[in-house]
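Presented below are the structures under discussion, each in the form of C-alpha cells.
One chain, subunit A, links the two complexes that follow: it is found with subunit B in the first and with subunit C in the second.
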Partner chain A sequence: MKRFMTVILMGTIVLASLAVGPSVAAGKTTITFWHAMGAQLGKTLEALVEEFNRQSPDVYVKAEYQGNYGALSQKIVGSLVARKPPTMAQVYGNWAAEYISGNELVPIQKFVKGPNGLSQLEIDDIWDGLREGCVFDGVWYTMPFNKSVYVMVYNQTALQEAGIDGPPKNWQELVNAARALTVRDGDKIVRYGFALRPNIDIFACFFFNAGGVWLDSQGKVAVNSPAGVTALQFMTDLLSKYKVAYYVPGYIDADFGAGKVAMYLTTSPGLSYTEKSVAGKFEWSAAPLPYMDTKFRSTPVAGTDLAIFSRASAAEQEAAWKFIKWLVEPRQTARWAMGTSYIPVRKSAMHLEIMRKWFAEHPRDLQSLQQLRYIKYDPNMAAWNNIRGDVSEAVEKVFLGKATPKEALDAAAAKANARLK
Partner chain B sequence: MSKRMLRTMLVLAAAFVLLAACACYGAEPAPRFNCYFGNLHSHTSYSDGVLTPSDAFQHARDVALLDFLAVTDHGYYFQEATNLHHWFMSLEEADAFYEPGRFVSMIGFEWTFTDGHMNGLDTPLAASRDTQRNVAEFIDFLAQHDGIGTFNHPNYDIQPNWNDFEYFGGGDRVVYLLEVGSGPYRHNIRNERAYQRALDRGWHVGAISCQDNHSAHWGTAAPTRTGALARELTREAIYESLRSMRTYATEDSNVRAFFELGECQMGSEVVISRDDLNSGRVLRFSIVIDDPDESDMIALVQVVTNGGVVAWESEVDGANFFEAEVDIVPASSYNWYYVRAVQADADVIVTSPIWVSTESQVAVCDFGCVDLVPQVGKAARVRAEIVNRNDDAIPGATAILYEVREGEPVRCSSLEVDLPGGRGTAVSFEWTPKEAGETSFIMELVISGREGAPDIYPGGSTRVRPSDIKNVIIDEGHNNRCSGYMDAFVRLLGEAEYNPSINEGSIDSKLLEDADMLVINVPEMGFSLTPTSYDDNELDAIAAFVLDGGSLLLAGGSDFPGFRDCGQLNTVLERIGSAIRFGRDEIRQEDSSVVDVEWGTARAVYADEACSLAGPGWSAIDGMEEVVVLARAMGSLSVDVSGDGMHFPYTQSPVFAVAQTIGSGRLVCLGAPVYSSYDLDRERCGNAAFTLAVISWLAGGEWKEQ
Partner chain C sequence: MNSLERKRYARDTAAAYLYLAPALIIIILFNLFPAFYALYISLFDTNLIGRWNWVGFGNYMELFRDVDFLKSLANTGKYVLGTVPVGMALALLIAWLLNKPIRGLATYRTAYFLPYVTPVVAISIVWTWIYKEDTAGMLNALLGFIGVEPQAWLLDPKWAMFALCLMSIWRHMGYNVVLFLAGLQNIPAEYYEAAEIDGASGWSMFANITWPLLSPTTYFILMVSIIGSFQVFTQVYVLWPSAQGGPLGTTRVVVRYLYDQGWGAFRFGYASAIGYILFAIIFVLTLVQRDIVGKRVHYQ
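Right after this comes the complex of A and B.
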C-alpha cells in the first residue's frame, strides 16, 4: 500500500511540473518569490500569482513555497550566504533589518518614487501604521503584505446565557465576564472564562493596551516599564488571583470549540481555525482587544512584508516591483483579505463592492479592521527576534510562578538591552 | 499486535510464571534479546528541521552510530498540497537507507496539539492537527492504521500533558511509549515525574529517550538513546520491540539494561491472583545493568514503584556491571515497577515497567485525604480515582475505606460505585478522624459476582491534628495585596500545626467566631472582583475580634497613589486603639524597592514595595509603650513617593515589623506581606522562618530574638 501510493504521487508531481513548464512565456522576465503561505493561504496566493502571470505582458512570477516562517528564514539566510537569494520574499521587519545592514535589500522607496511609482494618494491609501512599520531609519524598504491584527474571540451563546450584553471592552469588564463565564463542578473548573498563551504576542496585546511601548526615548527596551509590569501582573492575576483563566503554549481554538474556554485572543487569520473548531456548535464572534484605559486602545500587528533583494538584476527588481504594486492594488488586496482573513493593506479596498458584500456576510472579519487605527508594531531591528524570545521567556516564568512580573521583566529587559549593545 | 492482545497472552504466561516461580526465578538471567540504540523523534526540512531524511539517516548511521532512527516531521506540513510529496519522499528515502542487520530507518510524524505533542510510527499516512483536530480523532487515526503512539516531551512546564494523563482505554491501546528523556530541542529534560504520573493513572507505556532534533545533529546532539530489546536489527523486530515496550531511556549511549520477572521482560503485565496478593506472595525480579565502557561505573540501582516510591535500591561501588535478584512483595492490586540506574557520571537509565496486577485490571490513584489539615472530630474528605482499565463496565462495585493507624486497619466507610470501562471514576469517602497522629488509608474493592479475596489498594498518608489547633483566616475578600498568591503561606501554616483558610467574602463576627488569628494584607484598588475596602461593620467586627483576644496580622505596602495606600490599615489600628501607623512611603535600598529586612542574626527577609511603620504624627516608633520592634530594613531609607510629606523621620533603617499587645489580643504590623508564594519560594531568604516566628508570637508564644 505504502509503495503503491508513492508511485502514484510521484507520477502526479511529474505531470504537474510538465504543466507549469510551457506557461513561462518567452521574453518575459522571470522572478522568484519565496513565501511561507501554506494550505488555504497558499491557495489564495497561488491564484493571485496565476492571474498576474496571465495578464502581465512582461513578467513571470515563480512563487515558491518554502515551508513555515522558520524554514523561510533559514532558506533566505542560506541563499544570502550562497549569494543566490530569490528576487523577492516575504520578510518580517526584524529579518529585513538584518538584511538591510548587509545591503541585501533594495528600498521600495526607489520604485515608489520612480516612473512606475505610486501617487501620493495611493501612498496615503496604505494604512499608516502598516507603512510606518516598513520604514527603516527613515527609508521605506518593504511593502506591507500579509498583515493581521489580534482580536478577542468569544462564545456568544455562553455570554448570552450568563446575561452579559456584549463582549468586554476593558480589563475590568474582562475580569467580570471571565468570572461569569467560568463554570465549576465541585473542585474542578469545567469551563474557563479566558485562556492565555505564554508568549510575547499575547503579552503585547496587554502591554500596548496598558500604554506600553517597546522602546523608550533613548531606544532602550522598556518592557519592564510600569505598563509592562501592570500588563503581566494582570495576565497572571487572571490565572492565579481571579482564577478565571488557564494557559497553554499551543493553539486555543480546539479548546474553544470544545467549550472548555469562552474567550481568547487570536490573530485575524486564526478565525478560520476557530470556525472549523466550533463547527456550528454555538454562536461565536470576535471583538477588539480589551484595554486597560480607552486612551491606550491598541492592537499588535503581525505578519510579513514584501522585500526585493539587491542581488537581483535591475530588470528583475523592476519586474518584482510591478508584481508588488499589482498585488497591493485595492482589488487584489481585497481578494487576498477575503481569501485569508488578513487585513487589506489599502484603505480604499474597504469601499469596494466585493468587500462590502464580504463584510456583510462575515461580520467577524470587520472587527479586525475596526482596530486598524490603533495598530502598533514591533521595532524594526535585527536583534528583535532574540528579544522576542527573552520576553516570551519572562512571560512563561511568571505563569509558572518562578518570578514576579517585575523580576521577570527586569531580567528580560537587561538581556534585551545587552543584545542592543 | 495490539497491547490488549499482548496482555491477554501475558495473563496466560504469567500463570505459568507464578506457578513455576521457583524454577524460573532461580535461573541465571540470560539475555535473550540484543540491545539496539536509537532515536525515535527527529525532524528535517520536510517540516521545521534542516536538510532531508536521507541526510538524517546518513548522519545517524555513520556519525552517531545509531542502530535505528525515526524521522518524524510535523504532520501538518504534509497536509499541504504543495508538500504532500514530502511524506512519500520520506518513505522512499527511509527505504533506501534500510539495511537489515546494520541500520533501521523509520518514518513517523509528529502530531502537535495543545494538550501535548504525540508521535505516530508505522502508519502509511501522517495525521495532522488540521485534519485530526483533537486527541480522540488522532487516537482513532492511530487505531485505524495500527500505529504506534508516543507521548512526547511530557514536561509540565511546556504542555498540559493530556489533561495530566487522564486515562482513556482507546488511547491506552495505541499509545505505547513515553519520552522519559527528551530534548535537546528547547529543553533538555528528564520527564520521570510525568512517566510516574502516567503509570499511576493506569497507562501502559514504556520508557524511551528521544532527541527531537531540529538541527543537523541526529543522534549526536546528546548521548541520550532509546534502548530497544529485539532479537534482530530489522524494522519488524524494532517495531515489535516498541509495541512490546521492551525499551528503556538512557542518557548513556551504550549501556545495556535488562529487567525481568521470570520469563517476562520489561513492558510485560503480569497477573497475580488476589489470594496471592493478600497472602503476601514474594516476586523475584532480576536486573542486569551492563556498560561496555569499563570506565563507566554504575553508582546506584533502584526499583521504583507506584507514586515514585523506591521499593528497593542498592548502591554500587566501582563496577560497570551490575546484576541482582530482587524480592518484592506487591502491595496493591495494581503495581508497576521500573528500574532506575544512575552512573557515576550522573547519567540516568530508566527502563519500561513491569506491571503486576490482579485480573480485575483496576488501578487506583490520587487516593488520600485532600484536606491540608485534617482535625480530630471534624469531617474530612478522602478521595480516589478508580480506573477501570477493562473495555467493559464494572457495575455495582463496593469500595471500602480503612484508616490505618500503627499498622491496624479500621473500617471507616464504604460506597457503591459503577465503573465505566476504559476510564477513571472519582470517588469521595466520608471520614471523620477520631485520633491525632499519622494515618494512612487502604481501599478494598469488592466486585460483585467475584469470589475470593477483594482487591486492595494502599493510599497516601496524612497527619491528623488535634481539634484545638489555632485557626488562621487569611482575607482575600477585599482585593488584598497578593490575593491568589497565598498558597505557599497556607502550606507553611498547615505544616506548622495551624489550620489556615482563605476568606473570599466579607468579614463579620460569625466568620471570626472560631478564628484565632486574622491576616489582612492591604487592600488594593484596580481591577477587582471584590470590594476594595472594608465597610464600617467589617471594621467593627475586626476591632471586636482583637479586643476579645484575637490576634491580627496586618501587612502593608509602599504608597502607590491611585492603586494602594495603607489608610485602611490605619483605620483598623485606630479602631483597636493602637498608636502604630503604616507610612505613606516606600522603603528603598540604593534606589531599589527590594530591601533586606533584618531581625537579629537570622537570615534577612526579602521584602519588595514595603512601607515603614511609625507612631502617631509620623513620630518615631522606638520607645512607644508596649510596642516591640521586631525587624528593620537595615541600610534603607524611607522615601516619600507621592511627595505628600507623609513619611517618616528615619534617615536610615526604617522599622519594618512591630508587635503590640492590645488587651488580651495581639497585633503584628509588617511593611509588606513577605509570605506570598513568590517570597516563601525564594531560597536563601529568611521569609519562612520570620513568618513562622511572627505567627508563633501571635498564637501566644514568646518572641524569640534570632
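Right after this comes the complex of A and C.
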C-alpha cells in the first residue's frame, strides 16, 4: 500500500512538471492572455495565437480561456486584488474604466507612439468609431479587438412572396414591410413582420437612428431627448398600434427560424445562430439598420478590446504589444472576422483578396461592415452598467403598457443622472 | 492538578487544537475573515481595484433611498411568504402520507428527496423548459388539456414570482419531508394508542399529539426555510440572466441585486452593505422567532 502511494505521488510530480514544460519556451518572453472566447470563436483565436507563436522569434503567448465574460471579469478583479493579473486580457470599456481608476492598465498609446509603434496611416486605418471607444479621458488605453455591430435579419423568401423588392432602408419602409409580412388568421397572428426585445441595445438601434446621443453637451444622460421619445414611440407603435411586432424578452433566432417572425435585429456574430435556426428552410439575409433619416444612419457597437496590465514587467508589456500589433494587422483581423463574424478592425482588411472572396460567398457578413462608418458606442463611465439597467427598465415598462415613452424616459434620465454625481 | 496532570492536560489540549486545525483554518480563512472584511469594505465606496473612498455609513444611508434595493427587498419578502408557509404545509402532508405503511415506500421517499440533491443550476435549466411561454412548454402543454390558455410564466410580470416560488417549493420539498418524517417517527406510538382507546378522532389526535410533539421539528424547519429563502439567488440567476432580473424587475431579489451591484457595477462597498443589511434582517427575524415561536415549542 505504501509502495503504491509512493508511485502515485512520484507520478503526480512527474506529470506536474510536464505540465509546466512547454510554457517555458526557450529564450522567449512568455505572456499570459486571458479571454472569454469559447467554441468556434475560441478555435479561431487559438489558431491565430498558435501562428503568432510559431513565427515570433522572441514572444510566446499563453492564451487562457476563462469561461464567459462574467467569469473573465471576476477573475480579472480577483487577480488585480491579489496583485497578480495576466499580462493582457479582453476587457469591456466599463471594466477598463475601473482598472484605470487603480492605474492597472498601460495606455496602448504609449506603444502606438513608441519605436515599434503604428504609423499615422495605420492608426487611421482602424475604424474611427472603434478607436474612439477605447479612449478614456483623452488617453488611448485599449485596442479594439472582437467588435460587433447590429444588423437587421430578414426572411428573403417571405419578402419576395409579399412582393417587396429589398429589405427596408428607413423607418417608413420598415413599417410598410412589417405590415405586409404580418400574417393573420382571424384575430390570431401567425407570423409577425418584426420582433422587439425590451432592452437598451435594441432601443439604441432606434435611438441612434433618430439622431439621439447618450450624453448631451453638459455630460448629462439625454435618453429623454425628443429623439429618444420619438424612437421609443416608434418601437411601441410597431408593437401596439400597427401590431406587427412580436414582443420577445429572450433570443429571437428560434422564432425567426420557425417562420414566426420575418425580420429582427441582432449582432453580427448572432448571424451564426440564425443560420443554425433557419437550417435551410428558407432564404434569408441581413441588412443595415433602418434609419429615421439618412443623416442619422448609425449602429451601436458591442464587444471587447485588448488591454495590457501595468503590473507586467516592461519586457512583458512590450511582448504583449508585439502580439496585439500583429493581431490587428489587416491579414490577421481579416482571418479573425472570417472565423467569427466579428468585424475586422482595419479598414484596409476589406480590400484583401481573401476578404473579397469571403464576401462573395457570405454576402450577409458584408452588410454589417457597410455600417462601420456609422458606429456609435456607449460612454466609458463607471456608472454605465446601472444606467443601462435604468434605460432597459424604461423600455420594458413602455412595451408592457405601464408608462408612455416620455414618462418612462424622463424617469430613467432622472435616475441615471442621479448616478453620475 | 499536579505537574504531571498539568503536562498531560497541556498535551491533550495541544492535540485537540491540532485535530481542530484543518477545519478551523478553513473556517477562519474562508468564512470568518471574509465576513468581517465585508463589514470593513461596506464602509467604502470601492471597486477593490483603485477606488477606495471612505464613506462611513454612506452606503447604508444610500440603500434606504435606493428604489431598486427597496423593491428587491419587497420581492424577497414576497418570495419568503410565497414559499415558506405553503412549502412547509405540503411537506408535512407528504411526510404524514409517507409515514403510513404503503407499498413502494422507499421509492416515494427517494423520489421526493431527489430534487434536493440535484444541483440548482441543472434544475433551473430544466424548469426553463417547463415554463417555456408557448405551447412547447411542458406546463402550458399540460394545462392545455384542461383548456387553459398558454401563459408566459417567466416573461409575464404577473406570473414570474409565482413561477419562482413554485419551482423553489418543489426543490426544497424533499429536505423538509425527510425532517418531518423523522419528527413523526419520533413520536411514540403509545400516545396514539392511548388516544384511540379514549376515542379521540383523527383530527384531535393531530392537534393534541402530533402537532405539539412535532413542534421542535417544525420550529427548526421554519427557521432554516426563512433564512434560506432570504438568501435565494441561484435559480433567479439562471431563470432570468439579465441584470434587471425578470419582467419589470419582479423577481430581482436582494442577493441578485447584491451580485449585480458588486460584479456588474463594480460597487463592492455598496454590495457588502447590502449583504450586511440582509444579515441584520435575518438576524432580527431569527431572534423574534426564537422569542415568539420558540416559546411555544414543546420539547418532550
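In this section, the second predicted complex is superposed on the first by the 398 of 421 C-alpha atoms of A that agree within 3 Å, B and C clash if a C-alpha of one lies under 4 Å from a C-alpha of the other, contacts with A are read in each partner's own complex, and residues count from 1 in each chain.
As a convention for this text, a residue touches a chain if its C-beta (ideal position, glycine included) is under 8 Å from a C-beta of that chain, and two chains touch if they have at least 3 such contacts.
Given the structure is predicted, the values throughout are model-derived calculations rather than measurements.
Undergrad: Overlaying the two complexes on subunit A, which is it for subunit B and subunit C: clash or fit?
TA: Clash.
Undergrad: Please work out whether A:Ala39 is in contact with subunit B alone, subunit C alone, both, or neither, and reply first, second, both or neither.
TA: first
Undergrad: Figure out whether A:Gly389 sits in contact with subunit B (first) or subunit C (second), or with both, or with neither.
TA: second
Undergrad: Which partner chains sit in contact with A:Ser240 here, subunit B, subunit C, both or neither? Use first/second/both/neither.
TA: First partner only, subunit B.
Undergrad: May I ask you to decide whether A:Asn199 touches subunit B, subunit C, both, or neither, giving the answer as first, second, both or neither?
TA: Touch status of A:Asn199: second partner only.
Undergrad: Could you say whether A:Ser277 touches subunit B, subunit C, both of them, or neither, answering first, second, both or neither?
TA: First partner only.
Undergrad: In the overlaid three-chain picture, which partner chain does A:Asn68 touch, first (subunit B) or second (subunit C), both, or neither?
TA: So A:Asn68 only meets subunit B here.
Undergrad: Of the two partner chains, subunit B (first) and subunit C (second), which one does A:Gly102 touch, if any: first, second, both, or neither?
TA: Only subunit C is touched by A:Gly102; subunit B is not.
Undergrad: Just to be sure I read the superposition right, which of the two partners does A:Ala82 touch: subunit B = first, subunit C = second, or both, or neither?
TA: neither
Undergrad: Who touches more of subunit A, subunit B or subunit C?
TA: The larger set of subunit A residues in touch belongs to B.
Undergrad: Regarding the shared-chain residue A:Ala314, is it in contact with subunit B (first), subunit C (second), both, or neither?
TA: A:Ala314 contacts neither subunit B nor subunit C.
Undergrad: In the superposed arrangement, what residues of subunit A touch both subunit B and subunit C?
TA: Shared contact residues on subunit A: 70, 74, 249-250, 396, 400.
Undergrad: For the complex, give me every residue of subunit C touching subunit A.
TA: Those residues of subunit C that touch subunit A are 47-51, 67-68, 155, 157, 242-244, 247-249, 260-261, 263-266.
Undergrad: Enumerate the contact residues on subunit A facing subunit C in the complex.
TA: Those in contact with subunit C are residues 70, 73-74, 77, 80-81, 94-95, 98-104, 199, 249-250, 382-383, 385-386, 388-389, 392-393, 396-397, 400, 402, 415.
Undergrad: List the residues on subunit B that touch subunit A in their complex, please.
TA: Against subunit A, the touching part of subunit B is residues 45, 47-48, 50, 77, 79-85, 88, 91-92, 112-115, 124, 129-130, 133-134, 157-160, 483-485, 527-529, 608, 677-678, 681.
Undergrad: Applying the document's contact rule, which stretches of subunit A touch subunit B when the two form their complex?
TA: 1-2, 5-6, 9-10, 13, 38-39, 42-43, 65, 67-68, 70-71, 74, 171-172, 175-176, 179, 234, 237, 240-243, 248-252, 254-255, 257-258, 276-277, 396, 400-401, 403-404, 406
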